[in-house]
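Shown next, in structure tokens, is the structure this report addresses.
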Amino acid sequence: MDAGGVDKNGVRRSQGGNPLSGPFYVEGALSGDTLVIHFNRIRVNRDTARSGSGIVPSALEPWYARNKQPVRDFDTTWHLDKEHGIATLAKPTDKLKNFTVPLQPMLGCVGVAPPGSQSFLSGDLGPYGGNLDYNQMREGATLYLPVFQPGALLFVGDGHAAQGDGELTGDALETSMEVEFTVDLIQGKSVGPRAENDEYIMALGVANSMPEAVQRATTQLATWLEDDFKLNPSEVAMVLGFAIRYDVAELVDPHVHVVAKIKKSSLAGLGPPTK
Amino acid sequence: MDAGGVDKNGVRRSQGGNPLSGPFYVEGALSGDTLVIHFNRIRVNRDTARSGSGIVPSALEPWYARNKQPVRDFDTTWHLDKEHGIATLAKPTDKLKNFTVPLQPMLGCVGVAPPGSQSFLSGDLGPYGGNLDYNQMREGATLYLPVFQPGALLFVGDGHAAQGDGELTGDALETSMEVEFTVDLIQGKSVGPRAENDEYIMALGVANSMPEAVQRATTQLATWLEDDFKLNPSEVAMVLGFAIRYDVAELVDPHVHVVAKIKKSSLAGLGPPTK
Amino acid sequence: MDAGGVDKNGVRRSQGGNPLSGPFYVEGALSGDTLVIHFNRIRVNRDTARSGSGIVPSALEPWYARNKQPVRDFDTTWHLDKEHGIATLAKPTDKLKNFTVPLQPMLGCVGVAPPGSQSFLSGDLGPYGGNLDYNQMREGATLYLPVFQPGALLFVGDGHAAQGDGELTGDALETSMEVEFTVDLIQGKSVGPRAENDEYIMALGVANSMPEAVQRATTQLATWLEDDFKLNPSEVAMVLGFAIRYDVAELVDPHVHVVAKIKKSSLAGLGPPTK
Amino acid sequence: MDAGGVDKNGVRRSQGGNPLSGPFYVEGALSGDTLVIHFNRIRVNRDTARSGSGIVPSALEPWYARNKQPVRDFDTTWHLDKEHGIATLAKPTDKLKNFTVPLQPMLGCVGVAPPGSQSFLSGDLGPYGGNLDYNQMREGATLYLPVFQPGALLFVGDGHAAQGDGELTGDALETSMEVEFTVDLIQGKSVGPRAENDEYIMALGVANSMPEAVQRATTQLATWLEDDFKLNPSEVAMVLGFAIRYDVAELVDPHVHVVAKIKKSSLAGLGPPTK
């Protein structure tokens, strides 16, 4: 199902607003553990997507947002061409008739049940994951989330055929997705939200504002290096100061998401991590 | 000279605090023009660099910054190995003895004289460029700066052998640099700060805070697309929404610098830009 | 009960973490209505309070927060002298032995059930009110909250004998309180969070960050003037531009709270509000 | 002269953009001293003022700023009635024909020459003061500014007949002013920007963003208490935590200005300050 609740056959299966698949009860998962989710396969499974038609005003300078309103009735239906790996507007304007976006299918929502008896909308995100909207949550990635409730109660959803940094239109190329994942448990240790793929380790910083999200992501990445390699603060500064990279995951949801990452090749000289 | 005023032979040639080379008077440049600077060559020209020894506290969560102070007397002298293209700590701690940073030489400072009779410290940055501290200002890049004064009065400096996003230690691998550049003028049109390299066009957003720097960079990139391809606001949203990437250039100077960029390959379908 | 769950007799009656009294089911209240709460009486009902012992680091410049840690084992028990209307430290240091704080009893938490099936910690705040921590929620004030659930489900708690702007110690003079209130309903119209007292009308801006809380409070106050006096945007600007006042309610909870207010005397010339 | 360069007789005497009176060379003032400016008299000296006609969009929620544009050709000429101490629109709309603003004359700009060879526009502000735009800089107030250059080079200007918090229209009731002040020097000690009046001591926090301005103001007020009363960090927390008040001075200039203040009556119990 896509974020509007429509499945691969174009049938509405649920109300809109990021309907989720799940919860999946993970045998043996207890509060204090870490759930490890390997995304083996994330592929679009239909040939249409939809998106918003304007950049959200909060991502633009106020004078510009005030003067440049989205075009009324702009048709944002996309055609997804799996064979060539591209998306094109289904009914493009003249200027955009040759404009293509590479398909980079990802999941916007991956989360577990939050701590205590809290309950959030599926558009929100936090230490439990949720609507992370990070364009690197793609096939081949692994996500680490802390477990807060027995069984973890994993859910997934909000497939995006492609998404720019910041999720500037307030959404992405929203479509349904075929997803395969496997889960592992790290018992008795709670870390995350963290992720990794072949190239990077990634600390996910979800917070109220961009400066706070950067602080959280940087601090989480620093803590990770401390824990795994027993580095002191100046050693951490030497590793991060000249090799850290940030991704602005999204700017439009109830919390901001910034990722701090470092290449695995940069860590090679530090020896094997301590488990 | 490096940011401390020391040249390629280790001789102090100037006071520290980002001494600059220049100003270069560009024949014919007038207020309202755009200065185009092509960096043909940016190479380290000595085998040592220095850096700070801790992450600035404003980039860390307050509780963490409070508890994790930099190590006293940590030696941050670096050895630059041009042959292998790597930097290593000259006197590494045990943990970091095999830790290497790839050399990615860049210029921290490139600017022109600011408008009016304003005068800023060389550590500051703004619409005139200045201490941009962006790790993509490397050999092969082109920078566009608006001209505010006759002759533009270009200056360059603050060589970094490598710098992570955000310039988290408050500096980078500070060293002297051999620089070759050529300049062009776009007369009667004022754009920038903008940059490009083989892969990306880049809008440089310098502002007071991260959210404002993102707004500025996004708005500048949107304006660029409007101007060059005559796109309307929803067409701009289609191009940026699913293909924009942000770089967090630096977080530690008197203004924040965030870059919004898009791959030239994403623009290929839009046809040739209007000049 | 105070925020730690201790009642007027010093008996622990609940777990800590802002235990609340309620919910009170308000007959006839439906989603889309506005609940009006008049605080007829808010008085301290015991003679002790407690507070934190340091300013939260996020409210201080990072270098200062790093260097100035709270004193270990500083005794923050307060004596509340209702007769003279002052609070003093129960076991003051020498410097503070004549230091007094005027009692200005207030309620930190006043809220209704949030929309949908959301569920938040009692330390959070939002459009439903909650942990507003605003030092003008005192005897004589009236609070307006939108109703989201049948019966509104009003709750109150978190008595503060006195609180500075921003709630800088992460709490205030936490104590139990004797509270009397009456409720009214505005049916079929949803406004708030808003408040008023004899002197001011107040728009409560709860948001993720200070700039956003200021934007929300200003916008809410502008909307209020539009609705009640049918002013156009420039007329609103004339009224707010030269008479608005902001209060920084709190900076330390999961959301920031800033209030925009205007004197009722400033509105006198606008004639009676349209109901 | 007013911010547009017009004097008490309505004659243009200078270009607009906050023209300043000064610099005044203060005999004996040296870098490292503190200049003390007592405002003995600040009175409007003509009967007209002008203001902007809309709230700046950055102070409003983006959706609201987008939908509520200022009215075209709205006449923002004000009549200043010194006898009754009020301002009224000279040609009011029907809704505002009985709307009055109390005159509270103040100076927007008070500053000294900045450090080094820096030079700023008169619309900017910083540790040297400048365009502080704080509505408490009124007759009877005293301002403390650090001296950076021989003679201090004091300047004043930007008279406002009245200004709300935040200076939301991007300006205030801009008019010319009759000003009398006397200066003192504190030699060999550099403090400020600080201010005081009969009721409050005030620490002026000028910074890039609201959170940073709050941090600076709070830290400056904390430091003030440490210096004058030799309080430790927890004693400072006891004094500020339950008695601090913030004023949002302005939000629309190149830097944000937030003031942290405390009543002199709250400090009475601390004994005399150490000089």
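The chains carry the letters A, B, C and D, assigned in the order they are written, with residues numbered from 1 in each.
Just so it is clear, contacts are C-beta pairs under 8 Å (C-beta built on N, C-alpha and C of every residue); 3 or more make two chains touch, one makes a residue touch a chain.
None of these values were measured; they are calculated from a predicted model.
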Please name the chain that ends up farthest from chain B once chain centres are defined by their CA atoms averaged. C
Name the chain pair with more contacting C-beta pairs, choosing from C-D and A-D. C-D
Cα centroid separation between chain A and chain C, in whole Å? 35
Let me have the rounded angstrom distance from the C-alpha centre of chain A over to the C-alpha centre of chain D, please. 45
Interchain centroid distance [CA atoms averaged], chain C/chain D, Å: 28
Tell me, which residues of chain D touch at least two other chains? 58, 62, 69, 209, 211-212
Going by the contact rule at the top, pick out the chain B residues touching chain A in the complex. 51-55, 58-62, 64, 68-71, 74, 76, 87, 89, 93, 95-96, 98-101, 162-169, 172-173, 209-212, 214-216, 218-219, 222-223, 229-248, 251, 266, 269-271
Given the complex with chain A, which residues does chain D contribute to the contact? 56-58, 62-63, 65-66, 69, 211
Chain D contact footprint on chain B (complex, rising order): 116-121, 208-209, 212, 254-256
